[in-house]
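The structure is given below, and queries will be raised subsequently.
As written, the chain order gives the labels A, B, C, D and E, with residue 1 at the start of each chain.
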Amino acid sequence: MSTIVLDNVWKEYGDQIVLEKVSLTIASRAFVALVGPSGCGKTTFLKMLLGEEAPTRGTITLDGIPLMAEPGPDRGVVFQRYSVFPHLTVLGNVLLGKAFTGSKIAARLFGASKRSAVEEARQLIADVGLAGSEDKYPAQLSGGMQQRLALAQALIMKPKVLLLDEPFGALDPGIRAEIHVLMKRLWHETELTVVMVTHDMREAFTLGTRVIAFERPRDRPEERERYGALLSRDIDIWPPRIAGEPSIFAPDRDDPVMPLGLAQDDLAPTQGDNP
Amino acid sequence: MSTIVLDNVWKEYGDQIVLEKVSLTIASRAFVALVGPSGCGKTTFLKMLLGEEAPTRGTITLDGIPLMAEPGPDRGVVFQRYSVFPHLTVLGNVLLGKAFTGSKIAARLFGASKRSAVEEARQLIADVGLAGSEDKYPAQLSGGMQQRLALAQALIMKPKVLLLDEPFGALDPGIRAEIHVLMKRLWHETELTVVMVTHDMREAFTLGTRVIAFERPRDRPEERERYGALLSRDIDIWPPRIAGEPSIFAPDRDDPVMPLGLAQDDLAPTQGDNP
Amino acid sequence: QAKTDFKVAWSIYVGWMPWGYAADNGIVQKWADKYGITIEVTQFNDYVESMNQYTAGAYDAVTLTNMDGLSIPAAGGVDTTAVIIGDFSNGNDAVILKDQTALAAIKGQPVNLVEFSVSHYLLARALESAGMSERDVNVVNTSDPDMVGAFQTPDVTAMVTWNPMVSEILALPDATNVFNSADIPGEIIDLMVANTDVLAANPDFGKALVGIWYDTMSIMTADTPEGAAARQAMGVASGTDQAGFEAQLAATKLFPTPAEAVAFTTAPELATTMDRVRTFLFDKGLLGSGAPSADVIGIELPDGTVLGDAANVKLRFTASYLSMAADSAL
Amino acid sequence: MRWINTKPGPAMRLMLMLAPFVLLVIAYSMGSAARLADNPSDKLLPALASLTDAINRMAFTPDVRTGEYLMWVDTTASLSRLLWALGISTAIALLFGMTVGMFPYVRALLAPFIATISMVPPLALLPILFIVLGLGEAAKITLIVIGVAPAMIRDLALKVIELPREQIIKAETLGGSSWQIALRVVLPQTLPRLLTCLRLQLGPAWLFLIAAEAISADSGLGYRIFLVRRYLSMDVIFPYVAWITLLAIIMNFALDRLRIAIFPWSNLERQ
Amino acid sequence: MRWINTKPGPAMRLMLMLAPFVLLVIAYSMGSAARLADNPSDKLLPALASLTDAINRMAFTPDVRTGEYLMWVDTTASLSRLLWALGISTAIALLFGMTVGMFPYVRALLAPFIATISMVPPLALLPILFIVLGLGEAAKITLIVIGVAPAMIRDLALKVIELPREQIIKAETLGGSSWQIALRVVLPQTLPRLLTCLRLQLGPAWLFLIAAEAISADSGLGYRIFLVRRYLSMDVIFPYVAWITLLAIIMNFALDRLRIAIFPWSNLERQ
């Protein structure tokens, strides 16, 4: 179980009100997609769930217990950038969480514990489709591969909650489609509640079980100090997607209607189309 | 008239072949959208049109005359980033081209020539929707406003050809929709041949009169040195769009079919929807 | 080559402070005007730099000691004439030991001093007087402004330096003066030297220098309020006060009148001294790396005799300008 | 909470900030008292009262010889040298930094030479400098320039090279010539960096100033420090060192304010 | 073509690169010949033959007194001081840079103090250094450390502060404690910068080394230069300066290679 409950949460930075009276219950194993215009407070919201920022008013509980004031291993995170460590190889990045929990002082594993952790990490690396790149540094990976790595790195901690801040925003459409499939599989297979910020409506509706929109109804400069963004829409996807269960229909919504013959997300040539 | 003809153009960087046997005629006032996977050579192609890179083999002519070996005022450009000058205000950015052509040594305008240039610049700034921001610095503008500014700055030179390298790639979907409308208007109203690189298929089909795709059929590492990307698809939009003439139907393709009630590109609230 | 503009360099040392005073108080101006020339007097904080500048030709005259005159300008090929012999060190330079009271105790110790300076020479003479040689000690080069601080560090036990550092160091409880320049009177001589060619072409320049010097001498050695004020000014300019300056003067054998200077210059001891000095310099390799003997450089004495190579005279002592002052012929 | 996440409040912050300075003063007083108890005429760590005396004497009592206030004379002498040197270095750095950064031919010609020059220890070349330039202000100013300009040139050239190529292309499509681009695009974006660069070179500049004044001068902060060093007059040296430090901090701060005031966009950019 | 777009070919590039060095040698020879024509024993600009002689004498002929090769003795003495000092500075910079950068409390406590310290002219404090540390190697090494470490600390702390906040958050969600994050996330990313930092401080380090050796020593490159300065032996000073420059260039280059060799990712990152 990992139910998140927000009760009348406000967030202010100095004079500026960013979020106003957000009350929300996120069910265990939900996949919440969070949308809203730029600057409306989506990242701020995620930071509060992370424990990186504290709400100015209101409370946030995870399974009934107030959130830790700091990010911790129960909540994984993937940002748009800087989610992986440039100085560690793919394997080193995935092993890092294991090293932190397994070795208080040296923060490095040795011997049998190392072997088992490496095995687990390799499995996860293969799961996200990075098998064979274990010894590469992030700078040697494409943007899509880096985000897969960031996912694997977060998942090895088996977090209750996974927070994603526009994780695929910087990727090519083709690559994005592939990683959507992966994301869906991971969500089905892992005990995870996911909150994902995105700019891409189709992404929100493709992946989410529920789409939430923030919006700032009064946004003139003189109003920004007195009014924040509100939770303005809250849509449950129908037919409902349920973690671990196949969708009733539309098993893959990743191929939407196209205006013309080209695959919209991906320019990969049709079979037998090579010159 | 500003017809661009490429005749069997190849581009190699050292051992690596980037583009292979590209032959293409771009009609005057066409709006060519250029798509293709990351790294296939779209930017390289644009750089050759700019004169920033020379083709390794083949020729490029503009109205029958071989292209100047350097970027010049007949070809305007807007990049995804760094297209505007951070140290100049909005007005200063738009005036810069006028100052270059009007004042060889000081590169600054004075007196009457300054007044007329400022007037022209203000008009253009208003045209791209930046009226009122004349004295702001780019860092004080949003990404979308910066790209509008970059357009205005390029257009004041009345270039024959406008080259765009993912100009709206970093923008919010809502903002992108607005700037598409602007782009279309500018193309209709100005004597311009446009070549635009984009990652976004819908953008390509929304704006272009013709969509061209580059593709690298053989992309294994050992093949990269022997084969480059080819012009793999070349699609004329139907019904044809013609510069300066209203579309026969689908006057605005910016509002495609939506899976659910939300406006896909824009989260602006429906009228009367405020809490 | 006759000219009218001359440049004189001096550095901060008790025997040369009068130059600063003369420049500040119009005495230089007065004598320059008298001969229709201009004399620019420049103070150096760094003695070595002043000599290097002179040797390189940037100055026409400079204050230095007899030993440095031989090893720097003369060895550098600049024919140099000592116009004024102002004083000799009579205690201003000293060998100082820490927690020891006899010179003999210096054996085996590291000795901090400015290598190849008059301190080095004094050390050589001190060791000689005690039947030792430089092999019995271990010389450590140390810059002169840092001597006082250096003496207070534990690993420094022996030091050779000059005033004002000597009096500062001797004020420390554990310091003993075991040998000083008063033990070798007349061997460390403070001079005003000028380029021989310049002097030959412009004798008025030499006369003006002598005139300035004895005008200043008569003021500063006088036991009058004006004399006291002059000594105070020189004290402050050298970073101390009147009392401190007078203490340094006490260790200096100043020639207040030209007659005394002429007598010292023409005495036979000067030849002995210069012979000792050139031997010392030759031993240290300071007369040129290829020098076959101490005779490579000729030293002309006031009576016209030459020590060393008569064909390569580069350092000349003369009493002629001093005599003009003594004879009131300026 | 992890240590990395605990932050002091404003009052705590002030206290923490002052603590090391207060500790330093206390440690000094104790050291001074101990040494003076041993030897009342010790000069190494004078009592605070002696320091005040010396400050009074140097800064607020006219010199008997000249009637001037020594510390003030020294300060103006040193500052004028420093400012001249920094001004000249700035001009040189701007000229060479811009041309090396913009023009590949100039870069090929000068970049390796400047890189080599910047490794030469200027102190070792002092004698030549003084002989070539004489002993006046020129040599001192030149020493500072030699010590400071190569690093500034390299820094500015790098800054110019780092300008996004897109900007230069854009300027070319606006019809800009090399000169016009230098004047309107490169120069204005280089100037704020120049001020930052100058700020970073303040430390070395003071160092070379002091070294130059040690050798030849008749006034200046470095001159005075080396003059009284012969007497180990720490009562004068300490206040002079503190004064130099204060001047350096003020200049550092002023240069940064100046940059923000003249080039407001250079601060917007940061965020 | 605009000047900014014309690029020299490889042969031209080599020629341009060598040109200033060749010109320098020619200018020197001419100046030297002119001065020697005036005064055959002039010492300021010795003939190239005298320079060769001096190099031969200092580097390849055993000293009559000690039987050692002086230039070699000087080089080992100076390099050992320099390396000790740089090693110590590195350790200090790492410790303080990391803690100031990572822990807000430490930052509040030390950052203003270190900023102030870095403005103090170290040369002015030499007497105290000597008295506290003696005249031996300790004082010389300490002078270099004082001159070099504050700048390194500030640079490293800045580098730590500039690490993306996202990385630290990510490390916290992986269960890292302050210590673990310091050890596995911050430290390894700081080390390459440390080497770069060290490279930038080589110039000042040599400067302070020479200044320290000028004050008291019995061997060392700076010692020799200041010793022979006493009789204006430019024939020794020039080769020594060239040798120091060469050593500095080699160290500079080696440190950069070292960084790339140990931290290959730090170069991948750049592109």
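The rule we apply is simple: a residue touches a chain if its C-beta (ideal position, glycine included) is under 8 Å from a C-beta of that chain, and two chains touch if they have at least 3 such contacts.
Because the structure is predicted, anything quoted here is derived from the model rather than measured.
> Between chain B and chain D, which partner chains are common?
Intersection of chain B and chain D contact lists gives A, E.
> Which chains make contact with chain C and with chain E at once?
D
> Once every inter-chain C-beta contact is counted, which two chains account for the most?
D-E
> Give, as an integer number of Å, the spacing between the C-alpha centres of chain B and chain A.
33
> Determine the centre-to-centre distance between chain A and chain E, using the mean Cα coordinates as centres, and give it in whole Å.
Taking the mean C-alpha position of each chain, the two centres sit 47 Å apart.
> Could you tell me the distance, in whole angstrom, between the mean C-alpha positions of chain A and chain C?
Averaging C-alpha atoms per chain gives centres 83 Å apart.
> Distance-wise, how many Å sit between the C-alpha centres of chain B and chain C, to the nearest whole number?
81
> Going through chain C residue by residue, note those that touch at least 2 other chains and give them in order.
Expected reply: 52, 56-57, 146, 148-149, 152.
> Which chain A residues touch at least two other chains?
70
> Do you know which chain E residues sit against two or more other chains?
Answer for chain E, listing residues that touch two or more other chains: 2, 44, 127-128, 131, 172, 177, 214, 229, 232.
> How do the chains pair up in terms of touching? List each pair.
Contacting pairs: A-B, A-D, A-E, B-D, B-E, C-D, C-E, D-E.
> Using the touch rule from the top, collect the residues of chain D that touch chain B in their complex.
Against chain B, the touching part of chain D is residues 164, 166-167, 169-177, 179-180, 183-185, 188-189, 263-266, 268-269, 271.
> Touching chain D in the complex: which residues of chain E?
Those residues of chain E that touch chain D are 2-4, 6-8, 12-13, 16-17, 19-21, 44, 102-105, 108-110, 112-113, 115-116, 118-125, 127-128, 131, 151, 168, 172, 177-178, 181, 202-204, 206-207, 210-211, 214, 222, 225, 229, 232, 234, 237, 240-241, 244-245, 248-249, 252.
> Can you list the residues on chain B that touch chain D in the complex?
Residues of chain B touching chain D: 50, 52, 70-73, 75-77, 79, 81-88, 96-97, 99-101, 104-108, 137-140, 150, 153-154, 157, 159.
> Once bound in the complex, which stretches of chain B touch chain A?
My answer: residues 35-38, 142, 172-175, 199-202, 205, 211, 213, 215, 217, 230, 232-233, 235, 253, 256-260, 262, 264-265, 267-269, 273-275.
> Per the contact definition, I'd like the list of chain D residues that touch chain C in the complex.
So the residues of chain D in touch with chain C come to 39, 41, 44, 63-66, 126-127, 130-131, 134-135, 213-218, 223, 226-233.
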